[in-house]
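Two complexes are shown next, each including chain A; its partner changes from chain B in the first to chain C in the second.
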Partner chain A sequence: MVNLTIDDKQVTAPKTATIYEAAKLNGIKIPILCHDKKLKPFGACRMCLVEVEQMKGRQIPACTTPATEGMIIRTATPDIVKARKMVLELLLLNHPLDCPVCDKSGDCDLQNLTYEYKVNSNRFTDAKFNHQIDYNNPLIERDMNRCVLCGKCARICDEIVGFGALTFIDRGIETKIGCEFDDALNCEFCGSCISVCPVGSLLARPFKHKARFWAMTKHKSVCSYCGTGCNLTLGVKDNKVLTTIYDEDQGFHKGQLCVRGRFGYQFINSDKRLTKPLVRKNGALTESTWDEALELVAARLKGGSSVAALATPRLTNEELALFKKLLVENVGTKNFDHAAGYAHAALTEGFVRSFGTSASSASILDVQKSDLLLVIKTDTYETHPVVGFEINMAVKNKDVKISILSDKRGKLSKLPGANTLVHLPGNEVVILNAIAKTIIDEKLVDASVAGVTGYADLEKMLSAYSADAVASQCGLTAADIKKMASDYATAEKALIIFPVGQAYPGHNADLASAAANLAILTGKYGKEGCGVLCLSEKNNSQGAVDMGFYAQDGGFNAAQILDACSTGAVKTLFIAGENPLVSYPDRKKVKAALDAVEFMVVSELFLTETAAMADVVLPVCSFAEKEGTFTSTDRRVQYIKPAIRAIGQTRTDFKVFADLISKLGGTAPVTAAAQFEEIAATTAGYKALSHVSLRKDGAYAPATASPALVAVQAVPVPAAETGKLSLVVGSVLYHSGTLSQNGEGPMHVCPEGYIELSRPDASASKIAENDIITVSTTNGSMQLKAKVTSRMPAGVVFAPYHFSDAPINTVWNGAAVTSVTLAK
Partner chain B sequence: MSDVVAQQATEQEPEIDLSIADAVIDKYIDIPGNLMPVLQGVQDEYGYVPRIVADHIAERLNVYPSQIYGVLTFYAQFHLKPRGRFIIRVCVGTACHVQGATRIVETFFDKLHIGHAETTADLRYTFEKVACLGACGMAPLAMVNDSTYGGMTVQKVDEIVADYNQRPLK
Partner chain C sequence: MNPITPIINGMKITLKHMFMKPVTLQYPTERPKVSQRFRGLHGLKVSHSKAKCVACYLCPTVCPAKCITVEAGEDANHDKFASVYEIDMLRCIFCGYCVEACPVDALKMTGEFELANYNRQDFIYSKERLLEK
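Up next, the complex of A and B:
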C-alpha cells in the first residue's frame, strides 16, 4: 500500500494502482473518457489530467501514472478545469451535436462532461466529419463521425474478445476507428465495443430509437442462456425489456457479455410468446382457461409411476425443487430427468465418483489465476463465450499457457502460443488416458496421490494406453501427447476445462473421470488456479443437478422415459420447457414416443415443435418475470427478481407446480423464498444461503472434494471409412439450446443450420460455400447449407444442433461421432 | 466471423502468387516485431501490398487483419493499389512553389489524365505531389523513379512524358 494525498485528503491505495484508480477507490471522481476497468490504461483522452505537487505542478494523466508514496495530487484546480474545458471544446469541434436523435443521449460520457464542465461555447471552428455510417450488419451501427478516438472499442476487441475487428486506421486528423481495408464490420457481434463506447459511435441497432435512456427502469438480472452465470442489467419500459445495459461493476465478468446475452433478450417480449393455456379439443389445440387446463393436468398426474417428467435446466432452483417435490411426494414417481438425460452425466456420475461431489472442483475465477489451461474442445469458446473471454485475458495478459485437445481448430487455437492437438473425433478419453500414462511413466505423479484410492487399478488399466501405442490411432504423434502431459504435470498450477451439453454426448462421465484422474495424479485440484471445470450448458444446469432433478434410485432417465412412452409404461408425460423433438438425439424415436404417450402436458414460453404435439400447453414466464435463484456452472448461486410483469395470462412454473400440488392435496410453499429455505436446509453447500443474502452479489455454494482415481476404458475411434466423413455436432457461438432461436440478435447473425466442412473435403466433393448438401446417415437424411472453413480437419464435419428448421437429430442419433455421407 | 454481412465486392486483382509473400514471411517469421519488415518485403516484391497478401500475412503471423491495415495506412511508405512502372514526383515545397510548381503539376495532370496519388490504367505512371525533395536549388523539381529533372518547364513535361512513353513497361 502507498500513502498519498488527493485533494487534501489522506488516502491509501494498492502499490499497483494508478492515480485514477487510487482516487476512485477513495471516492474521488476524476473525469475520463478512455478508461474501463477491464482494459489496460491507454491515456488517449486527456480528460483525467491532474496536478502532482512533486512534478512541479505539471498536468499529468491520472490514468497512466502510478500512484507513489507521498504524492500530493490536486484533481480540480482552476488550471485543470480550464484544461479539461479545452479538451472538451476540441472534442466538440468535430463531434456532431445530434444528441436529440442519438440513442446514447443521457448515458453519454461526452454529453455528461460537457454539461458538468459547462462548455456552452466553442472558441474554435472546424468542419464536422462526413464518414459514411456503417449500417451493413443488423446489430452494430458504427457512426465514426461521433467518435472521440478513445480506442476502447479497439482495445476491448483485442484484449478481451480477441477478435481484433476494430483498430485505428489512417493517420493524423484522418484517423478513425475501422476494420481491415475500411470494410463493413463483420465480426462475432458480441457488442463489447458498444458497451464501452463513451459516445454514440457504436450503437445497438435492435435498440435504435426504442427509448430514451432515462425513460427506462434498470433491473439487475442473470443471463438465461449458458451456464456461465453472467449478470445482466435489463432496460425496461412499458413492461418491455428493450435492451441490456452495460455496468462495469457487475459480476465476475465486469459487465462483459457475449452476443447471446447482449442481443438475445427479445424472446422475453416476443409476439410469439404463448399467453393463454391451450387444451387439445377435437384434435386441435384451442385456447382455454387455467382452471380447465390445471384440472385436466391434475387428474392425469394421479398416475403414480406411469407419470414421467422432463424439465429444462433453465428453470430456477426453486421451481426444479418444487417440481421434484410434486413428482415424488404428490404424484409418486421417480421418473424425471433433464438435459436429455446424458448432458449432466459428467457431473452426476463422473465427478461424483472422482471427486465425491456433483460439482466442478474449480471456479471460472481460477482461469486467470492458473499457469496452464488444458482445454478439451475449442468449442469451449462457443458454448461459454464469456469464459472464453476469461481464457483470452489469461493467455494474453497473464501469460497463462494454453494446451488444447480438440477435434477441430477454433478461436482459442489462435491465441498466442496455443498448443492445439487436433485429434480424430471421439478419442478424448483415450488421449487423456495416454496423458495419465505418460505422467505415471515419467514419474510426474504428485506425492498427494498416496492417499487416494484406485491408483493400482488405474495404473494397471493404463498399461494399454501408452502414448506410443495409441497416438497414431487418435491421429496424433506420441511426442505431442508426451509434451502435453509434461506441460500439464510440470506447470505450477493447471486447470482442465471442458464443456458439456446436449450436443456433446462424448463429454460424459468417463471424460470427466479421465480428466479428473490427471488432476488427482498431479495434485492439481483444491487449490487456486487448479482443478477440473466442467462448463454446464444451460443457465441452471448445475442447479438442476444440485436440486437432484435427474434419474436416481431406479427412476427412468430421459432415454428410458421416451422408451417407456413408446411401450405404454409411461402414460402421462409432463415436459417443462424442454424441446426434445429438436434437441434430443434421434428425432424419429422421440417423435414416436411423443406420439405414443397417452397424455402430454408441456409448459413453455413458445409453441415449440414439442408443445404443438401436447394435449395441454401451459404458458409460463421467462426469467425476466420471475423470482428465484440460478446456480452457475461453478456453483455461484445468484438471485433474480422480476424485471417485468408476467406477459398475458402466463404464470411462473413455480405457481403452476404449487397449484398442482394443492390440487393433488398437498401443501406447497407460497413463495420462492420459502422454497429456497427448504433447499438451503437439504442441499449440500447451500446451507448458509438465503434470498436475502444472495440479493446483492450471489454466493458460491462450496463443494468439498474427496478424490478417487477411476479407471475408465476407452476404445480408439478410427477415422470414417473411405467415402464417408465423421460428423460431430455441437453448439455455435450465437446460440444456446433452442431458446436463442427466439432472440433476434442470434437469429440475425446465425439464422439457420449448416454443415461445416474442410477445404480438402469440399474440393474433393466439389462442394462450394452455401451449396445445399444432402447429409445422410443410417438414421436418415436431410439438407443443409455447406460452410467451407479452414478450421475443420479433413474427414470431419460439424453441425450445430439448435435449429427447429434444420433439426440435426434427423440424422444424428446421439453418438459422439456419426459416420455421414455428403451429396450435392 | 459470421456471414451476416455481404462481403463488399473487392476490386478484381490480378492473379497474386502467394509463394512470393511466403518467401518473405519465412525470412522473418521467428523475429519479434516482424510485421514491418514483412510488409516492406512484400511491397518490394509486388510493388504494393495486395489485400490477399495482407490477409495471408495476418493468417501466418497471427496478427489481426485490421491491425495490418492500421499499420499500412499509418505509414506513407505503403501502397494498397498497384503502382505505375514510373513514379513521377513533383515537388510543391516552398522553393518549387514560388518557381511555379503548380503549373508543372497541372501540366502533368493534363498530359496523364490522372491526379495526385493516382495511377494510369495501363500502370505506366503514378503521379505524386511531394513536399520537398531536398534539392531546392534545382527548383522547380521533378523526379521519375530515381532520375532527377531540375528547372522544370511546361515544355520539359512534354519531353519527359514523350520519353517515358517510349520505354518498355517490364
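Up next, the complex of A and C:
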C-alpha cells in the first residue's frame, strides 16, 4: 500500500494502482473517457489530467501514472479545469451534435462531461467528418463520425475477446476505428465494443431507438443461457425487457458478456410466448383455463411410478427442489431426470467417484490464477464464451500456458503459445490415460498420492495405455502426448477444463474421472489455480445436480424414461422446459416415445415441437419474471428477482408445482425464499446461504474433495469406414440449448443449422460453401448447408445441435462419434 | 320616492345597454383573436414535407402530466423519426414544457382551443391529427 494525498485528503491505495484508480478507490471522481476497469491503461483522451506537487509545471494523466508514496495530487485546480474544457472543445470540434437522434444520449460520457464542464461554445471551427456508417450487420452499428478515438473498443476486442476485429486506421486527423481493409464488421458479435464505447459510435441495433436510457428501470439479474453465471442488468420499460445494460462493477466478469447474454434477451418478450394454458380437445390444442389444465394434470399425476418427469436445468433451484418434492412425496415416483440423462454424468458419477462430491474442484476465478490450462475440446470457448474470455486474459496477460486436446481447432488454439493436439475424435479418455501413464512412468507423481485409494489398480490398468502404444490410434505422436504430460505435471499450478452438455456425450463420467486422475496423481487439486473445472451446459445445470434432480435409487434416467414411454410402463410424462424432440439424441426414438405415452404435460415458454405433441401445455415464466437462485458451474449461488410482471396468464413453474402439490393433498412452501431455507438445510455446501444473504453478490457453495483414483477403461471408437466421415456434434458460439433460437441476436448471426467440414474433404467430394448436402447415417438422413473451414481436420465433420429446423438428432443417435456420408 | 322611479331608472340602463356594443364575445358567431403566446392544441411542425420531430423523447421526459407517447422508428435512410406521436389531451395541462424542451423546434402550441369531443378516445391526438396543416 502507498499513502498519498488527493485533493487534501489522505488516502491509501495498492502499490499497483494508478492515480486514477487510487482516486476512484477513495471516492474521488476524475473525469475520463478512455478507461475501463478491465482494460490496460491507455492514456488516449487526456481528460484525466491532474497536477502532482512533485511534478510541478506539467499536467499528468492520472490513468497512466502509477501512484507513488507521498504524492500530493490536485484533481480540479482552475488550470486543470481549463485544460479539460479545451480537451472537450477539441473533441466536440468534429463530433456531430446529434444528441436528439443518438441512442447514447443520456448514457454518454462525452455528453455528461460537456454538461458538467459547461462547454457551451467552441473557440475552434472545423468541418465535421463524413464517414460512411456501417449498417452491414443487424447487431452492431458503427458511426465513426461520433468517435472520440478512446480506443476502448479496439482494446477490449483484442485484450479480452481476442478477436481483434477493430483497430485504428489512417493517421492524424483522418484517424478512425475500422475493420480490416476498412470493410464491414464481421466478428463474433459479442458487443463488448458497444458496452465500453463512451459515445454513440457503436450502438446495439436490436435496441436502437427503443427507449431512452433514463426512461428504463435497471434490474440486476443472472444470464439464463450457459453455466458461467454471468450477471446482467436488464433495461426494462413498460413491462418489456428492452436491452442489457453494461455495468463494469458487476460479477467476476466485470460486466463482460457474450453474444447470447447481450443480444439474446428477446425471448422474454417474444410475441411467440405462450400466454394461456392449452388443453388437447378433439385432437387439437385449444386455449383453456389454469383450473381446468391443473385439474387434468393433477388427476393424471396420481399414477405412482407410472409417472415420469424431465426438467430443464434452466429452472431455479427452488423450482427443481419443489418439482422433486412433488414427484417423490406426492406422486410417488423416482423417475425423473434432466439434460438427456447423460450431460450431468461427469458430475454425478465421475466427480462423485473421483472427488467424492458432485461439484468441480475449481472455480472460474482459478483460470487466471493458474500456470497451465489443459483444455479438453476447443468448444470450451463456444459453450462458455465468458470463460473463454477469462482464458484469453490468462494466456495474454498472465502468461498462463495453454494445452488443448481437441478433435478440431478453434479460437482457443489461436492463442499465443497454444499447444493444440488435434486427435481423432472420441479418443479423449485414451489420451488422458496415456498422459496419466506418462506421468507415472516419468516419476512425476506427487507425494500426496500415497494416501489416495486406487493407485495400484490405476497403475495396473494404465499398463495398456503407454503413449507409444496408443499414439497412432489417436492420430497423435507419442512425443506430443509425453510433452503434454510433462508440461502438465511440471507446471506449479494447472487447471483442467472441459465442457459437458447434451451435445457432448463423450464428455461423460469416464472422461471426468480420467481428467481427475491427472489432477490427483500430480496433486493439482484443492489449491488455488488447480483442479478440474467441468463447465456445465445450462445456467442451472450445477443446481439441478445439487438439488438431486436426476435418476437415483433405481429411478429411470432420461433414456430409460423414453424407453418406458414406448413400452407403456410410463403413462404420464411431465416435461418442464425440455425440448427432447430437438435436443435429445435419436429423434425417431424420442418421437416414438412421445407418441406412445398416454398423457404428456409440458410446461414451456414457447410452443416447441415437444409442446405441440403434449396433451396439456402450461405457459410458464422466463427467468426475468421469477424469484429464485441459480447455481453456476463453479457453485456460485446467485439470486434473481423479477424484472417484469408475468406475461399474459403465465405462472412461474414454482407456482405450478406448488398448486399441483396442494391438489394432490400435500403442503408446499408459499414462497421461493421458504423453499430455499429447506434447500439450505438439506444440501451440502448451501448451509450458510439464504435469499437475504445472496441478494447482493451471491456466494460460493463450498465443496470438499476427498480424492480417489479411478481406473477408467476407454471405450474403443470404431474406426471410420472408408469413404465415411466422423461426425461430432456440439454447441456453436452464438447458441445455447434450443432457447437461443428465440433470441434475435443469436439468430441474426447464426440462423440455421449447418455441417462444417474440412477443405480436403470438401474438395474431395466437390462440396462448396453453402451447398445443400445430404448427410446420412444408419439413423437416417437430412439436408444441411455446408460450411467449409480450415479448422476441421480431414475426415471429421461438425454440426451444431440447437436448431428445430435442422435437428441433427435426425442422423445422430447420441454416440460421441458417428459415421456419416455426405452427398451433394 | 315615487315607486315608479327606480323601475324607470332600471329600464333606462336596460335600454341603454340594448343599444351599446356588447362587452362579451359573441361566440361562436364571433371568434376570439388569440395571442401569439396562447397555449392551445399542439402542432407538429413540418419541413420538407415531413415532420421535423426526430423522436428524441425529450417531450415525454419533461412532460409533468405524462401525456405524451413517442415511439421512434428508423426510416429507409436510417434516420430517426416518430413512428408514434400521441398526446392525451385529457391529461395535458398545457404548460408548454414540451415546446420548450424540443431541441429541433418541431413542436408548437397553436391557437386552437376548441378541444371538446364526444368520446374519450377522441381526445388522444395521433401524429396525423397533430401535424400542422
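Annotations
Keep this in mind: the second predicted complex is superposed on the first by the 819 of 824 C-alpha atoms of A that agree within 3 Å, B and C clash if a C-alpha of one lies under 4 Å from a C-alpha of the other, contacts with A are read in each partner's own complex, and residues count from 1 in each chain.
As a convention for this text, a residue touches a chain if its C-beta (ideal position, glycine included) is under 8 Å from a C-beta of that chain, and two chains touch if they have at least 3 such contacts.
A quick note: this is a predicted structure, and the numbers were derived from the prediction, not measured.
When the two structures are aligned on the shared chain, A:V81 is found in touch with neither chain B nor chain C. Of the two partner chains, chain B is the only one that A:P416 touches; chain C does not reach it.
Legend: residue contacts after superposition of the two complexes on their common chain; A:D170 is shown touching chain B, with no touch to chain C. Annotation for chain A, partner touching more residues between chain B and chain C: B. Residue contacts after overlaying the shared chain place A:V101 against chain C, while chain B stays out of touching range. Once chain A of one complex is fitted onto chain A of the other, the partner contacts of A:E180 are limited to chain B, with no touch recorded for chain C. Of the two partner chains placed by superposition, only chain C is touched by A:I133; chain B is not.
For the contact definition in use here, the chain B contact set and the chain C contact set of chain A share no residue.
Interface of chain C with chain A (complex): residues 54-58, 60-61, 72-74, 78-80, 103-104. The part of chain A that touches chain B in the complex is made up of residues 136-138, 158, 163-171, 178-189, 414, 416, 734, 748-750, 787. Chain A contributes residues 99-101, 105, 133, 135, 208-212, 214-215 to its touches with chain C in the complex. The touching residues of chain B, counted against chain A in their complex, run 1-8, 10, 51, 54-55, 58, 62, 64-70, 73-74, 80.
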